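Labels run A, B and C following the written order; every chain starts at residue 1.
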Amino acid sequence: MDFPIDLLINAIVAGLLLGGFYAAVTAGISISFGMLDIVNIAHPGFIILGSYIAYFFNINYHVDPIFTCLVLSPVFYVFGTFIYQVYYLSFERRGQQSLRGLAFFFGLLFVTEVVLLLVFGVDYRYVEASYIGPSIHYGILDLPLRMLVPCIGSLLVFGGLQLFIGRTFTGRAVLAVSQDQLALQLMAADPIRIKRIAFGISIAVAAMAGAFLIIIQPVEPSVGREYIGRVFAICVLGGLGSMPGTLIAAMMLGVIESITATFYGPSWAPAVSFGVLLLTLAFRPSGLLGR
Amino acid sequence: MTSLLHVDNISKRFGGFIALDGITLDVQPGERLGLIGPNGSGKSTLVNCICGTLQNEQGSVHFDGHTMDGLAAHERTHRGLSRSFQLPRPFPSLTLAENLRIPMLYTVHKRSGTPLHADNIEVRCAELLQMVGLERKTRHLPRDLTQVEMRKLELARAMAAEPKLMIADEAMAGLSHSEIEEILALLKRLNESGITIILIEHIMSAVMSFSQRLIVLVTGKKIADGKPEAVVRDPEVVRAYIGE
Amino acid sequence: MPLFTVLAVVVALAAFMLLRIPNIEYLFVAGYTIVQYIVLATAWNILGGYCGYVNFGSAAFFAMGAYSTVALATFGNQIDEMVPESLAPFFHLIFPLPIPVLIVFGGIVSGIVGFGTGYLTLRLRGAFFAIATLALSVVLATLVVNWDFVGGSGGAYVVRPGEFPLLGSYVQYLFLLMLALAVIAVVAARTIERSRLGYGFAAIRDDELAAEASGVPTLRLKLVATTLSGALMGMAGAPFPYYIGYLQPAGVFGLEYAVNSIAMPLIGGTTSWIGPVIGTILLGTLQQVTTVTISSAVNVLIVGVLLIAFVIIAPNGIVGLVQDRLRARRQK
């Protein structure tokens, strides 16, 4: 049998491009869950919110989605800090974050989805931009720009986050707060403020991921839920709190999903992430590069 | 093996940090052992490894003639190992009496094979609460307790499991002089009734008056093991405490 | 203990009789949904409220019960194609299976799924279990959508046998069955609450580490809770295809089941068997009214908002508010 090599290679490349995007999607969770230990399952909801806002400005004012979300990310940042404050006062401080905190975020996810449903309806929405449509051809490689551009954008965002965490004081404080909150306090940094900043950043990143998402695929309100499995699968596979691990895991998942979709059909894709998640939890719960 | 507890060369690391570095010690049945060491020396990690809350990477723990390796914490408690937590961990939604019920229902009951009668449990809970002076708050929730009372509850809960060996992890922090005397008397009484006790403390007077033998832990290593008077004069011990 | 069971049965029967008086079919249709949620909310609460482990995938367990019924019904329709000739008469005799049997099957299937999910994830932190249950919904939905035997993405029709002797309408029969299931669920919850098992659950919920140290076999108990909770949800799902006639994956795996089974116990109160019942009746009735008067999407939005509000303001639900008031009075 003639093994379709070019199909495989394109599947792998598409997977890598997708993986780059998944890295940006997961980066936010890597911060809130991996470092701050907050199970923000509403994160995909915020991503979708970003997508819809980008859609709105794109359809009505012909603004580029990436531009929209870039401009809007400070707003999302503030929104994120507000949510963290509520979360902290209601749950973290009372030590009830496990059950009620989860229910809180679940409620947020749910409300976001339903509000979007009420405002925009169930139809798939997509944006228009000059780079959606054309592809670059390179030998047997087929690089659709609508995947390449978000991938590059994602890697930039991801790289920016890495720099922030590695090089700035606040960034390193975030890393510190995840490892030893008491020690951070002794160094005269307010851990609550640091966590608030970190959470705000994770939501701002979600906005950017939203822009990338709607470029890659049309969205409708329930798309967020498909991403929960992916996001946590990548987070766990990569190792909680490890940014490089997240990138590698994102790429791996992207490739596995892409190959599955190409050879077995796209309807199986959502099951892949869960399978990966389960296998990781069963055999190597600390992930590839986990602490 | 005649020791009740035999810890054989256990090591535990957290990432790159070595918390325990080849600790070996023995505890004889009926003994009163004191365990001291500066903050961060690994005392609580040692307790956690002995009791199964953490798993040591190397070495093994033997209790009452059986190996404890691979056994979950609850199984070790069934075998007779009990501990109180340094930072009290009461069950917040249960009353004081109910807090003590848990080890009774799940450890004592398991051991004896015959289910404990409901009245028996109530009587026993009342007894224990009286021993630690908390009988007036039997139906209260832990959040109504002072810090000091919470430590007493911790002890009572460890006692409720009717252990052969009990580890009291800094149970006396913050207590007044008379309260310390109270707890020491209680622990001595328990010891006289046959329970082996490991006392982890910073309050030197308490440790000295209580312990028959003293072990010193510094940065994960055991640096002294002997009679209390001799240990406190050991130059290495002095250096560890003063020379920091 | 038996007194409570008798009382519960009496209350249930009384409710049934009362509903028959106006002779409006819709009351039974709406009532079925509410009673179904009593089962789901109670089941969720056994794992969530008693044990402290959040299950976001109630829909999955519910759907597994529904789809085991569909699978068995489809099998029943295709006996001659699927079974060797010698065995066919036997199968023709026992199929179509009566609903109580389907309920048991649904319970077994979902119980196994619950056990499996628990076994893989409960040794890790509670958060991982919650995430796993959420992803479970998506995955099971994917499997079902790709499995033509149960209708695939197009859905499955399940034909109701016409009338039910004695009661007249089939919906009333279904309602009665669900009522029986609700009684079982509530009695089970109350029994657990006051038992040694219930204390073990509470200890796990309050402080798992301390529970382990006190001798509670936490993993084993959590698995019991997960399996029992899943099984009850599956049992609630088993009659659903007959109730609704046309089963669509999108509908049954939808978010409303997950949100309602969380919102109802949390709003009612998670520490007692009565919390889920109160929460269900209040929220369920509110939803029926809103769906009819405004829209079903708004109704679902209200549930979400109420959930967030209660979780922030009244974490122990309505029962908790009452209990706090009583305790304050007792301590004066």
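What we mean here is this: contacts are C-beta pairs under 8 Å (C-beta built on N, C-alpha and C of every residue); 3 or more make two chains touch, one makes a residue touch a chain.
For clarity, every value in this text was computed on a predicted model and none was experimentally measured.
Participant: If you average the CA coordinates per chain, which chain's centre is most distant from that of chain A?
Facilitator: It is B whose centre lies farthest from that of chain A.
Participant: Going by the contact definition up top, give me the pair of chains with the most C-beta pairs touching.
Facilitator: A-C
Participant: Could you work out how far the Cα centre of chain B sits from that of chain C, in whole Å?
Facilitator: 43
Participant: Taking each chain's centre as its mean C-alpha position, how far apart are chain A and chain C in Å?
Facilitator: 32
Participant: So which bits of chain C are touching at least two other chains?
Facilitator: Chain C, residues with two or more chain partners: 205.
Participant: Under the stated contact criterion, what part of chain C meets chain B in this complex?
Facilitator: Listed in rising order, the residues of chain C that touch chain B are 196, 199-200, 202-203, 205-207, 209-219, 271.
Participant: Which residues of chain A touch chain C once you look at their complex with the stated criterion?
Facilitator: Chain A residues touching chain C: 33, 39, 41, 86, 90, 94, 96, 98-100, 102-104, 106-108, 110-111, 113-115, 117-118, 222, 225-226, 228-229, 232-233, 236, 265, 267-268, 270-271, 273-275, 277-278, 281-282, 285.
Participant: Under the touch definition given earlier, write down the residues of chain C that touch chain A in their complex.
Facilitator: On the chain C side, the touching residues are 48, 52, 54, 56, 120-121, 124, 126-128, 130-132, 134-139, 141-143, 145-146, 153, 205, 255, 258-259, 262-263, 266, 270, 297-298, 300-301, 303-305, 307-308, 311-312, 315.
Participant: Per the contact definition, I'd like the list of chain B residues that touch chain C in the complex.
Facilitator: Counting only chain B, the residues touching chain C are 51-53, 72-75, 77-78, 82-83, 85, 89-94, 98, 101-103, 105-107, 109-110, 157, 160-161.
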